[in-house]
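Next, two complexes with chain A in common: one pairs it with chain B, the other with chain C.
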Partner chain A sequence: MNQHILEIHDLKRSYGKKVALDGVSLSVPAGGVFGLLGGNGAGKTTVLRHTLGLLAAQSGSVRVFGLDPVADPVGTLARIGYLSENRDLPDWMRIHQLISYSQAFYPNWDPDYAESLRNLFELDPKAFVRSLSRGQRARAGLLVALAHRPDLLILDEPSSGLDPVVRRDILGAIIRTIADEGRTVLFSSHLLDEVERVADRIAILHQGRIQLCARMDQVLSGHSRVQLRFSSAVSHFPPAGIWIHSEGSGHDWSLVAEAGIENIRAEVARLRAEILSVEPMNLDDIFVARTAGKPLAAGVRA
Partner chain B sequence: MNPTSLDPSPWKIARVLLADMFHRSWIILTLGFVGALSLPVLILGALRAKGALIVEDPAMILIHFTFAQIMGMGFGASVLHGAGAPSRLFTLPLTNRTILLIQMVPATLLVIGQTMVSIWIQNVLFKLYWPLLGNALAFGMIFATFQSFMTLFQKSALLLPALGGALALESLWVKSRHGPIFSLPTHYWTTVSPLDWMVFATVLALCYAIGMHGIARARCGNEIQTRLLDYLSNAISNFFGKKPMVFQNAVQAQSWYEWNLKGLVFPIIVLMVVPTTAVLWLFTDNTINDLVEALRLEGWMMSAAAMIGGIIMGNMGLSDASMAMSPFLGTKPLATVPWSRLLLATAFRSLVWGVLIWVAVYLLVLAGRELAGASHMPEPFVWWHMPGRILAAWTAMTFGLCISLTGNLLHLKILGGLYCGWLVTVMLVGSLTPAWFSELFTISTLSGCGMVLFSLTLWAWGSALRRRMVEGRQAILAGMVVTTLVAMAGWQWAQGTTPPGATRIHHFLLVSGVLSLAVFPFAAAPLALASNRAR
Partner chain C sequence: MHIHISTQDGVPIYLQIVRQIRHQVASGILAPGRELPSIRELAEKLLVNPNTVARAYRELETAGLVEKRRTSGTYVAEGPSPLARREKLRVLSERVDGLLAEASQMQVPLEDLVDLLHQRARAFAKKPSLQNPEDHAS
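And now, the complex of A and B:
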């Protein structure tokens, strides 16, 4: 049995001369919450659009539930709930019309669950979509995405437009509930504290490439901030080997390492430097280190 | 550094915005210009080819009057599109006056200039002596009125009655410049009198005042309120919207979506065109036979409205500017082939409603004609005219639908560009070469177009068959339909209604190509939808 609900292999996509995805490979296991991180224009939405079959792969392959979403949209989309970044719901519909309309597409639609979500989100069934605030639109979109209890829930920037209470208490609870029921949530975000709170696995996308893909606990335990003091002044310390990010000048440097403490000590000894401190890192710092780093190069120049 | 150099003046901003407008919209403006000029040039060209273009004929005054309106409206629409909504300027450091002037002055000048240039081109091409200034200034005035009312009323329910009233008054005045209001125009508007200038100046000053008031209100969100109309509109909407809906399946739900959003467009266009025809008839020649004739002609012109309706129906995007399928629709688990079929069914339903409206009005006028005791029909009854009108409207609507269904605005631009390019070439050939060559060129290019359409239909069916979007027996049925239609056209030709010789085969090729479009959408719609869905 295929344990991966989504498999992307060497996916490439260009818009004219701009490369949006440059050989992305990604596997999302069934069950749990998968966070796709990246800055603006990193390619998160493009990956999600390929997953939904809204974009055909120019090169590489995408399989959702083992199916090609472009060739078999019904087979894949019937099992996917999707909340788009732009909350593009039809303005002319009323909420009850939106619910009735959406229900017709999904055999597994749960009317009681839809009604409970509508109450939870405080949506007036007679209200027109065009009269909803951005946050209310997000809630309406979430209702439609959730009510058929999809095997895969895809949320593109789900927190955008939601107030902190809804974001933390409702969205977080829904995501965890779905994961606890054995279903899968794939969501993109650049709100890293939120991702750190709910995601089991993450992938960091930067300039159309996957920088990191691992379990959340491995990501957090596998990165450390190391304060070093060199015996002689160092003018340039490009990230290489276990070091993925460096800041500083002269004798004192602050480095980010992707390694265990033993490897760090061995590497520091090789550099003939002294460790001042080794601190754990949060996802925010890891993300910045991963995406704001300079191109990789080898060697230390004194 | 001089600190003032960091603060651009409002006029510098205005210049930048205007340059940006022309940079963004030059294609639309060009297409609008050539497109608006195309119908008059085609008709005048046809008249000349038949030797019916007589400069001294009084009917030419009506033709001139009508063409000026067509060109003004056609180009005015593209200028409005290019100018954009004034709200985009509200957050810039510009005064209300500057915003209004940016919106209105260049657009109005463009409309005036375009009308003058277009009339001049017709004068040169067809050796006419039509006056340039009067109608051009009048259209500038009408355009400024349009813009100022749009600015004041925006999306208010009062817009239509207020604008309609103002435009009706202005149109009556323009009509009075060509002779009595309630009859055919009797003379050209050759001299713009001081009184005319005063009218222009007064109307433009009023437009300025209305526009200023509108921008002042809109800029602080204080839009025109129409509580009674809103209440009525909500009451009606609540009455219909409260009905609980249960859809049996996805196709039924999507059909409801398509019909509610876009299905009524074509019937509404027909509903708007019919009374417009009646009003125009009232102000030109109020004999009942002419109204019958106008409605009969309108039946053929339904194809143009149908194409617009089809383009709108095929738009699966979020707006007119973005026709790519929206994620909301793109993520619906509905197979492409049934989806495309329900789109065609919606188009057909829309077409039926539009045709029924037209037929009802036509029959009503015919009954009125009988009651009035009119002596003879202006044109004898021809059996295939009614199915011909419906077929023409169907092909136009579904062709527009398929083009727009691809979700690529470029396709529409290419189509418009090809049409404009052909038209300009025809105009040049018409003015630079002998009449026989010009006619041969026109009919040869049209027959070539027929062959392209035929090939396009074959390609669509071949591709759809290869991708298993249609079945072999459906292809056979489509082939039989096209063969029957072409045979019927051939039989009609055999009755001797077309000129003999070389042009007969050209006409036949053109008509065969157009007839093949009757089955084109059944293969092209799923292909277009599939390409829009996964780009």
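And now, the complex of A and C:
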């Protein structure tokens, strides 16, 4: 039960002088949905490409099903379904060709399941891949990723740029994948609403580092927004200790705490301040608090 | 069964499901003996993780509000009325707690709040339009 599908230890990666991953460690347990969050350029795709063995670790290690995906691509890739952010599919094929072509790669390909997905997604077998709409292209990519019933489904920004109907299909596919015999899903996203709906666990990646990695319910219950009034005016209140973010001036400050209510009360008493309110935070606010002070990519709050 | 999930206010999704089913049982919208959708069905309908729905159902089962039957379905418990009464009080307690918290933030003393409650009850009794509109129709 305690088995990890994916283990990444102190992974570092640079492209020239640009540091993409700066010591990333992650464990993805079997049988759940793991959401990798981050703005554009945070390093999400780079993590996923290491997992698929498309990039070799410059330093640190990556193990998928206990194997090195670069040394043993056959042992790992056959058990992984992958939908890339660019949905790179062979444009010159028709849908029925794409299906038989993909089938050849996977010993566990389930033709009946592929056919039922094709029907569900309303993909015309004679249509050329290049003629598909953005949404249909994502569905075709999802069919290829799902039809061999992979142990690990990896989706890179699956809903990016898609309309709500196709997004529902993708979320539905994630849900069915883990409802069926406890498979594992790893997906990256900057759409926090859908991450909060489907992920059991999340990691927030920012500037190549993991800022937070925990169970979703612990993330939500572990953060609070605290409105404070100091007895004498405070000009600077840099985040430290339980406080991970601060905004305000003079007497009134709005702080983000990573602590339970007892700890918050004790800290506030120590600061000789008064609590005006303590409120729960949604994932969106937590994400911003965790990554604030550093430039946020556009679309993060979309 | 209608459940609305919001990811705006920071309330964990399993808790939103628990509260809404509790409320529907307490108010009689979900009658005793009624079968709840399966975990998978509800997860796909609400587009949430099935483990989240399972956790909500477990919590409701522990509270005695729903029961699993051998045929694998989950049903609203055929409990005697004391349970329903306890549930009603529990739902109201949550509301009262919110009211107390707000009053304390606005520094309104408890006595004033109790007076206000009595005053509103009198106003409420005089205005039938404020009462349950369903009673009206019959």
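One rule holds in what follows: the second predicted complex is superposed on the first by the 280 of 302 C-alpha atoms of A that agree within 3 Å, B and C clash if a C-alpha of one lies under 4 Å from a C-alpha of the other, contacts with A are read in each partner's own complex, and residues count from 1 in each chain.
The definition used in the following text is that a residue touches a chain if its C-beta (ideal position, glycine included) is under 8 Å from a C-beta of that chain, and two chains touch if they have at least 3 such contacts.
On a predicted model such as this, the values are computed, not experimentally measured, just so you know.
By the touch criterion defined above, A:78 lies against chain B but remains apart from chain C after alignment on the C-alpha atoms of chain A. Once the two complexes are overlaid on the shared chain, A:234 sits clear of chain B and of chain C alike. Contacts of A:26 after superposition: neither chain B nor chain C is touched.
By the touch criterion defined above, A:196 lies against chain C but remains apart from chain B after alignment on the C-alpha atoms of chain A. Looking at the shared chain after the overlay, A:6 reaches neither chain B nor chain C. On the side of chain C, the complex with chain A involves touching residues 5, 7-14, 39-40, 43-44, 46-51, 105. Chain A contributes residues 32-33, 168, 171-172, 175-176, 178-179, 192-194, 196-200, 216-217, 220-221, 276-277, 279-285 to its touches with chain C in the complex. Across the interface of their complex, chain B is touched by residues 49, 52-56, 69-70, 73-74, 76-78, 80, 82, 84, 86, 88-90, 92, 94, 96-97, 100-101, 103-106, 126 of chain A. Within the complex formed with chain A, the chain B residues making contact are 238, 241-242, 244-250, 252-253, 256-257, 260-261, 318, 325-328, 330-336, 533-535.
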